[in-house]
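Both complexes shown next keep chain A, but they swap its partner, so chain B is in the first and chain C is in the second.
Coming up: the complex of A and B.
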């Protein structure tokens, strides 16, 4: 009962959040200078032409009226038609979503593995040079933003030692007839190792660029909370019971130390998803972020709205997952 | 009888030089309870930590020997030392609230190391845990084994930690202020329980406390520590009848009594503290020379 209640509350608060996002986006992109109609018409178009097009897209009405019409359509699942691409927004956005999801999840996986390994290493060899190296490494990784890491990686692994592809999501020559756009996921299920290799060749660099700063945050925070946990009595007790230091850290300290890190990783993961916008552009990766930039350049108002709403939905979903994981990992929050 | 634990001239110092323990020697025989008393900061906990190999990182053992069951722990490699300690000694910690892993159920916290380190079968470990939980008077042990620590009271948790300490049949138990963090009403029960368990299992018990009243109830012998130095080492009866060292006498005099509840408390006189401090200074001078 309590669970159902909290789920309902969650649903309501998500709806309110999304509504707020919709209002802000709707108003802002209409108030800032720049006009989609002007982008569509050739130079020298008559006033009558402009008025006709404006009426066609509903831009002649007030913002409030436009918003109500748009909202009415959205409730029925219709996000409008892209002005620049002349296709339904929902179709465009859902086609691109898998690419961005795969990239973000790959980046998150790399960040967790890399950051976790650094934190464990720094804890196991605390007080030695290895800990200092972890601290300095994390500090450096953190102080350089993801897009700069992207450039560094392109220079290293795309130009000087070209082992990765520097642009795109998949080689156009590759013959795939997949039923979804989750290429990597589907390739793994179908055991298409040629496709997996090609996808990773494209994906690893942007994923790494996104992952490095997050890995540094995880390393710092997890190492700090491991350090605090290592002083607790139950860890000392495990030591007196004959366990090795590795075992003490991984089996006793880690399950507890992970909790504060988890909350932060949730927040940071939403930032990471935001970061895909620039990184996808940098690597010409055909995901949502790349499409968002095109949509903004073309003043494609329906498309911008659709993408932003989808991002907002993703963020709330990530937070939901984090909250659920937290309960799973922390027995103190579980009710008998 | 050969003492099971024999500490010879143990010195512990901060890594930057300050002395924490000064040439401490003491023996605990199997079946005996040895008390370690002293003010806070006297270093009494550090003796137990030295034996168990859990000294804080800022401290190091600078000299002496720790013989456990005929082996000098300080002369064998650290990994081997850990295994030996794990198999022969156990700790009853001070604070039951932080001494159980909050993310694990009680059962595995008692049984896991019996299986992992000592090579018992799961069924044996399980049976042993149930038996011990019953011994420490926990009602419905099977249910408690499935509980998480936060679902149990402090007294319950300390009982579980006592059961867990005796689980591997250790010959040495180190109890580090095991009643300090508990309610006064629970303290007495826990104290009796530790004494009973020690008597039943016949292990050697090193009992660290600042409470002379506690010592008088459970110990056979005791060492009085001041500033990391043993100032008196005595059998129980002799100590309470005829304490030799002036500090011991002052300490005894400072214990509040039931017979005179309104009498003012006696602090340790400054002259005694000065005298002990002089002894310590002399010791350090000899040690440096």
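Coming up: the complex of A and C.
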């Protein structure tokens, strides 16, 4: 019962946040600029175009009525038509979403593996030079944002030692007739190993750029909580029973140290998804973020608002899922 | 060195000196750019485009770090680019700090409805991808120095508000605050004389971090051509040009990238170092 109520409270809170997001997007796009119609018009528009757009967006009505109409459309998934691409925004955005999701999940996987390995290494060899190396490495990795790591990777593995692709999502020659936009997922299902290899070769560099700062955070936090767990009685008990240091860390300390890291990874995952905007641009990766920047450059406001709202929805959903996972996994909260 | 929990403590002296030293050099370069820049940063010369740096063959004297595809001097553009980067860092960083820290202090110490409103705004802000939000704001309010600074303040105030709120909440629960209240101090007075000095180390550390972030945001905005005017010398603009011609002229990308890398690293290391030095528990 308590569990249900806590889920319900979080759902309501999420709904309020999303409503706030809608208000902010509306204010930024519709209210702040002097004449939104002028901004939406392509160069060389006629008076008839202006009148048509004005009627379409209901600018003759009060701002409050405009908001309600706009919100009604958005809730139904109707974001209007893209000005630069002349297609429904919802279609365009949903076509690009899989590319960004695949990149983000790949980056998250790399971050968890890399950060986890660093934390375990630092704990196993605590007090030695290896731990110092982990600390300094994590500190450095954390100080530099994904944008700069992306540029460094381009120089190292695109120019100096060109073994990875630094541009695009797939080689044109291997662009088989995909029936979904989840290229990697589909290639795995169809067992096309040449395509899988090519996709991974394109994805690895941008994913690594996104993963490095998060890996550093995971390494620091997990190492800290592992260290605190290693002093607890039950761990000492396991050690006196003759378990090896390796198995004490992995089987006894790790399960109890993971929880605080999990919540943090959730919040940080949204930052990682936010980072795809510039990283996709940097690596010419055909995802949502790259499309967003094009939309801004082309002043395509319907497309921009569609992408911003989709990102916001994604962020709040990730946070909601992490919150709920935390409640489910944490026995203390479960019975509260 | 180890603290009570057995954690390794890094020596803080060297880190502070190195990062502070680099930032000082950068500040001098920015201030004296017109005096030390060997060339006009805007001067184009299509006949001397993509000259390599001085140690390679085929260079011309006076173009120490080579030229870009339009024949503009890389070193001079970097020196002038430092001006914009540091102005944005100082102004945007300080404004963000003042607004965010004030809101965080109020939310954390007063609690109640001010806290609920501020925290709700923080939640809403956290639902936006920061880079996209910045680009969107610039697209709406137009490019230019003021716009960049405004965009950074609007986006990043939550970073201060979140951390300072948590710190102020922790301090507010301490006995010394209660005794200040008993002694007849007003709530507002207590906040300024008791809470603020105790969260100041965190504010200073966050401020230096924020300056590094501001430099990055400016570089990203000029990378997508949304900073100040398009041919003005900016690190991000140079990096953008260098990215497209990286196979023909690596130096156009490498030198501004190293500068940006060292600057961001220095700001964050300075922040960490200052936090360690000012933190009364660690000291």
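Just so we're on the same page, the second predicted complex is superposed on the first by the 274 of 336 C-alpha atoms of A that agree within 3 Å, B and C clash if a C-alpha of one lies under 4 Å from a C-alpha of the other, contacts with A are read in each partner's own complex, and residues count from 1 in each chain.
Throughout what follows, a residue touches a chain if its C-beta (ideal position, glycine included) is under 8 Å from a C-beta of that chain, and two chains touch if they have at least 3 such contacts.
Bear in mind that the values here come from a model prediction, so they are computed numbers and not experimental data.
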Based on the superposed arrangement, let me know which partner A:97 touches: chain B (first), chain C (second), both, or neither? neither
Looking only at chain A, is it chain B or chain C that touches more of its residues? C
Go through the superposed model and pick first if A:329 touches only chain B, second if only chain C, both, or neither. first
Does the superposition put A:237 against chain B (first), chain C (second), both, or neither? first
Which partner does A:252 contact after superposing on A: first (chain B), second (chain C), both, neither? first
Overlap of chain C and chain B interfaces on chain A (superposed complexes): 127
Interface residues, chain B side, partner chain A - complex: 52-54, 57, 79, 82-83, 85-87, 89-91, 93-95, 98-104, 113, 116-118, 148, 150-151, 161, 168
Using the touch rule from the top, collect the residues of chain A that touch chain B in their complex. 126-127, 232-234, 236-244, 252, 255-256, 329-332, 336
Can you name the residues of chain C that touch chain A in the complex? 5-8, 10, 120-121, 123-124, 126-133, 135-141, 212-213, 216, 219-220, 223-226, 239, 243, 246-247, 250, 253-254, 257, 260-261, 264-265, 268-269, 272
In their shared complex, chain C is touched by residues of chain A numbered 13, 16-18, 20-21, 24, 28-29, 32-33, 39, 127, 131-132, 135-136, 139-140, 142-145, 147-148, 151-152, 154-155, 158-159, 224, 227-228, 267, 270, 273-275, 277-278, 281-282, 289, 292-293, 296-297, 299, 304, 307-308, 311-312, 315-316, 319
